[in-house]
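First chain A sits with chain B, and in the next complex the same chain sits with chain C.
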Partner chain A sequence: MATNTLASSPPVRSRGLSDLAIRNLFIIPTIVFLIVFNIFPLIYSLGYSFTDFRASVNEPVKFVGLENYRTLLSDEFIWRNFTITAKYVLISVTGQVVVGFGVAMLLNRPIPYKGLLTTLLLLPMMLSMAVVGLFWKLLYDPSFGIINYAFGLGTFEWLSDPNVALYAIALADIWMWAPFVMLLSLAGLSAVPKHLYEAAAIDRASPIYTFFRITLPLVAPILMIAIIFRTMEAFKTFDIAYILASQPTTEVISIRLYKMAFQEWQTGLSCAFAYIVLIMVLAITNIYVKYLNKVKER
Partner chain B sequence: MKRHFAGLMAGTALATLSALPAASQELTIFWAEWDPANYLQELVNEYEAETGVTVTVETTPWSDFQTKAFTEFNAKGSAYDMVVGDSQWIGAASEAGHYVDLTEFFNKNNLTEVMAPATVKYYAEYPSNSGKYWSIPAEGDAVGWSYRKDWFEDPAEMEAFKAKYGYDLAPPTTWAQMRDIAEFFHRPDQGRYGIAIYTDNSYDALVMGVENAIFSYGGDLGNYETYQVDGIINSPENVAALEMYRELYGFTPPGWAKTFFVENNQAITENLAAMSMNYFAFFPALVNEASNPNAKVTGFFANPAGPTGAQFAALGGQGISVVSYSENQEEAMKFLEWFIKDETQKRWAELGGYTASAKVLESPEFQNATPYNKAFYETMFKVKDFWATPEYAELLIQMNQRLYPYVTAGEGTAKEALDALASDWNETFKKYGRVQ
Partner chain C sequence: MAAVRTRGEVLRNRLSIVALLVVTFLMLAPILWITATAFKPRSLATTVPPTVLFEPEVSSFVKLMVKRSQLREPATPEQMEAAPWWERLVLEGGEKVVRSGKGEVQLSGYPSRFMNSLIVATISTLLAVSMGTITAYGFSRFRVKGEQDWLFFILSTRMLPPVVVAIPMFLMYRAVGLNDTHIGLIILYTAFNLSFSVWLMKGFIDEIPKEYEDAALVDGYTRMQAFFKIVLPEAATGIAATAVFCFITAWNEYAFALIMTNRRAQTAPPFIPSQIGSGLPDWTVIAAGTVLFLLPVAIFTFLLRNHLLRGMSFGAIRK
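This part shows the complex of A and B:
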């Protein structure tokens, strides 16, 4: 009876979209979008980086060869911007990894309301950068900010003191993005096989030995991915630094690039600057990726 | 039934389409987001009532104003028919062809006589003394000062001040007096501070603030015709003026390193400072009890004189220009003809706008309308402005880069900062072929 039913049923039509439909509906539009909005401007701006083009004036564009790159690399202010950015990336990413990984370690044990706690800890990274910037500006206010009040710091000037402002911005960034590192670390930690810890316990391995020999090596690949993402983002930081302070000691490269491109309208020069930044980000990412592959091979 | 419905739809569509050409003409004016833009919207609503032409004043925050305007200009966009642009834009916007040449309109309406001379010179004419005009002075503005009358008039304070400095406590007439008063009221332990000045270096706040000192000390930024800067921007007068500005920074409230008009008005409304620098355009908020609990005890004075008696202030304000890429230029010109009428200018002043019309400014009604209008009128005849060359933005950023570390962190000396600035500006002018 069952056989008869099957035999009499209409032929089964393939479910979902065909490969052709997927190509036409999703892949081609995405590629077109990427070409129009990413690849084309990238190539176009490379051309501009060898000219004296200024978008604000109606003057013929002159080819200047490598002059823009030479000007930028011999500008003392640009080097200062790079130094500030490097310092900021180091402080911010280190802080995010230490805090994020530390919190993930704490959450990777049986604690009450773990789910709720994890969700609450993730809230900062869901906020807009501009909102976080304005919010921390109020927290840091020397007259009525809660930070000085809570720690009894009087009228300590977090954002007006040129020696402190960069650390203050990095602290706000750590607050915002440590949860991202925490989330990835938590995923890595929960994937570590439990039997390894049981074996270490039987061998009476110390907690420090267990951490450095089991936990860290197994979480390292996913932690490296978090570091790559955060380094790339920290390198491009703009919003939070722009909102919180305008000290020369906090002028990261993105802010300088913005001023050069959209306040001074030195379009050709700013294109060259953007390429220098792009090459640096690619180089740093490449180093990380190589290290990540090494870690994976172990 | 179906045919009947289709006929009905076609009829409606036809009626809608035929109604479109009859829809009123629209004009868009672009300006920064501040109170005068709201006053202008009220004014242009009256134009709409008179002519049926809808005029919208579109605004954006000050920090984005220049970027947004020039992005639209560079794209040759027609989103804005007119722009109330900053005075220093005039070189960049006119040389690039973004503004319509209004020389003929200016001469036909004799605007060099109708408008206050400083507003014509700095808002409308480019190059300097060329007789070519690109804007109609719209919102006159300059830097003035507000102060706490109740603090100044407290008998105990007056007595203590006289005992310490040997003269009466009163609104300062010189920068030296202003420094003394700032020092006198600077009491961090009481949460009370001496003075609020501009320090934000993201656009022109710090530069405008320092200009008030430089111009009153008898200094200048350079020769606007020959582009000579060496010996002018780093003159002894300017060094002394910058040193004074740095000294005043020491009497500001804590965290005063990124402040502009909002913070400086807050210094008065929140009982922070005895005196506060700000553009006159922001003073209406200080006489309004809804926005200033100290409105009744807030007084105003013009930018004080320097050691030689010279008294100038940094010019603010803007002129209104017709955008070259506007598709409604003819309508925009008709609007400008209405805008320059005496009765419109009078109404503009009544609404809170700072008219540039000489006749209105000189009238007793205007001068007595608010506690600060007289100071504004006096100031508008002694103002100076920043460079208006197309590369003004580079000059501005260089000035910020050199002065900010000295003013807010005491890095180096005033002389070193100004010498370095002279060198930067020379290089920039060489780059653009303005000097050899």
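This part shows the complex of A and C:
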């Protein structure tokens, strides 16, 4: 470490650009770029959220104050969209954790071709959500779909039955993202020190006891990261739900927002709605980053 | 270590391997099914019950690429004789290839969407990775006031729901004429991937010992030279992995593309589902388009396999 402190203050500093100049040159363009293309638009839409602006017509824009926010928060249909989203997040994240963690437990042992098997299992999460939605439509088809045929379900209506459609979307989402939970759980599981299991075996601890007292607590932080990240993503779900079904019972927040902004052209109102969603997402992001840093420190 | 394995343990191990194989098959089945559909003749794609065994053919891929129109009557033997092999596949399906006045084959909407995806994903990846790398270096090597806050700010831009950002971007793009242009989409994807690239690259650069550069500085390199000649080569693997991740994200993106483009700059993800549209969709053609679109990602996943964990956790978990 002593050499380190010496070397980090090299004698000559006059050649080329100064460190300060380089730092600014390297960092500032990115910050400016992100402000211009991410933050500025949001400020722009904050302004519109207080108006009755409609992008489809050429009428003078009227300032309406907090009216949009009041309308949204007292609109029972919007609350239904939130409820649907919450239900969707719950089903799909729970499914992903159960399947993903389960498969990770199975994989966490010496097996031939483990690397290949893992990569194959991870394939679904790398695919395009829109295209996945599209081909699950083929799989779910009541008459010629392979799912009904393989599981002997007759002509079960996966997507056109309003009571089932949300579960069907969640199932496709679980298929796609359980591998993500698996990947992170696997990292957590492989980091559990082997000697703990040996000690448990010497003490003749039951497998259930070992799981709840050793495995789960040690994997929990990483599993938590996976859960928060998937919650955040499921909360934002758009592609897969939009393509798979168009039931009122599957209208998650993003879809409602999309329709409000680009089909009904209630631009001002949708800007206000977007802000409500934005604040919720930032809150979850904050929790996520706290956890990331916590795990990083270990 | 665990040299003594009880019979129960061996049995449990075997059972879990069997369970794993079943799970792997179930996970891959949807992908296998869509791939199989792409190689089916149209008559077998939507049979009840579904056809599992069939003679594979490539006619759907030909149909995917060219503009077609329905034939009134089945093609005559002379027509069949005169047509090249690939055109014959279209004729057999009861359709003909649409040609321009000069007799040139007209392409369907697919090839241009595929090219758009390629252009937009490639350019935005190059931009995001180059900017991300230097910014990551800046954060990794120099003292930045409120570093954690800046990094959180950078990450938070990535976490925003696409539709939320798309509303104001749509209005702004409309005002400056960037709607339905490649540049417009490239800017959006660069912004989207930039934060990811900064986070991931910071992890990779943090791992390169500072001493390498310090030694170079003592040897008379400038900081810039040290960055280009020492740090960049050391970070090459990380840069490649980050680039592949950014490419896949841009390649797969749907919501922005749906909202911001409609023809000229439309990418494949909004185009492929739109083919279902009205009437009876030809699932073999849709499947062919899907398979071609997913193929690059599948290849990249194999190339990336050792970096997946890191990439998916924004560089937080390294193994």
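Keep in mind that, in the parts below, the second predicted complex is superposed on the first by the 255 of 298 C-alpha atoms of A that agree within 3 Å, B and C clash if a C-alpha of one lies under 4 Å from a C-alpha of the other, contacts with A are read in each partner's own complex, and residues count from 1 in each chain.
Criterion: contacts are C-beta pairs under 8 Å (C-beta built on N, C-alpha and C of every residue); 3 or more make two chains touch, one makes a residue touch a chain.
Computed from a predicted model, the values in this text were never measured in an experiment.
In the superposed model, A:281 makes contact with chain C only, not with chain B. Of the two partner chains placed by the overlay, only chain C lies in contact with A:136; chain B stays clear of it.
By the touch criterion defined above, A:61 lies against neither chain B nor chain C after alignment on the C-alpha atoms of chain A. Applying the stated contact rule after C-alpha superposition, one finds that A:16 touches chain C and leaves chain B untouched.
In the superposed pair of complexes, A:48 makes contact with chain C only, with no contact to chain B. The partner of chain A that touches more of its residues, comparing chain B with chain C, is C.
Once the two complexes are overlaid on the shared chain, A:225 sits against chain C while remaining clear of chain B. Of the two partner chains, neither chain B nor chain C is touched by A:98.
Contacts of A:239 after superposition: chain C is touched, whereas chain B is not reached. Within the superposed three-chain model, A:199 lies out of touch with both chain B and chain C [touch as defined at top].
In the superposition on chain A, the residues of chain A contacted by chain B and by chain C overlap at 55, 141, 143, 262. Contacts from chain A toward chain B in the complex involve residues 55-58, 77, 140-143, 155, 157-162, 242, 245-248, 259, 262-266. Put simply, chain A touches chain C in their complex at residues 3-4, 7-8, 10-12, 15-17, 19-20, 22-23, 25-27, 29-31, 33-34, 37-39, 41-42, 44-45, 48, 55, 103, 106-107, 109, 111, 115, 117-131, 133-139, 141, 143-146, 149, 175, 179-180, 183-184, 186-187, 190, 194, 198, 201, 222, 225, 229, 232, 235-236, 238-239, 243, 254, 257-258, 261-262, 267, 270-271, 274, 277-278, 281-282, 284-286, 288-289, 292-293, 295-296. Partner chain A is touched in their complex by these residues of chain B: 66-67, 70-71, 73-74, 92, 95-97, 188, 191, 200-203, 253-258, 272, 390-391, 393-394, 396-397, 401, 404-405, 408-409, 411.
Here chain C touches chain A in the complex through residues 1-2, 13, 16-17, 19-20, 23-24, 27-31, 33-34, 37, 45-50, 131-132, 134-135, 137-139, 141-142, 144, 148, 150, 152-157, 159-172, 174, 187-188, 190-191, 194-195, 198, 210-211, 214-215, 217-218, 220, 222-225, 227, 248, 251-255, 259, 269-270, 272-273, 276, 283, 286-287, 290, 293-294, 297-298, 300-302, 305, 308-309, 312-314, 316-317, 319, going by the rule given at the top.
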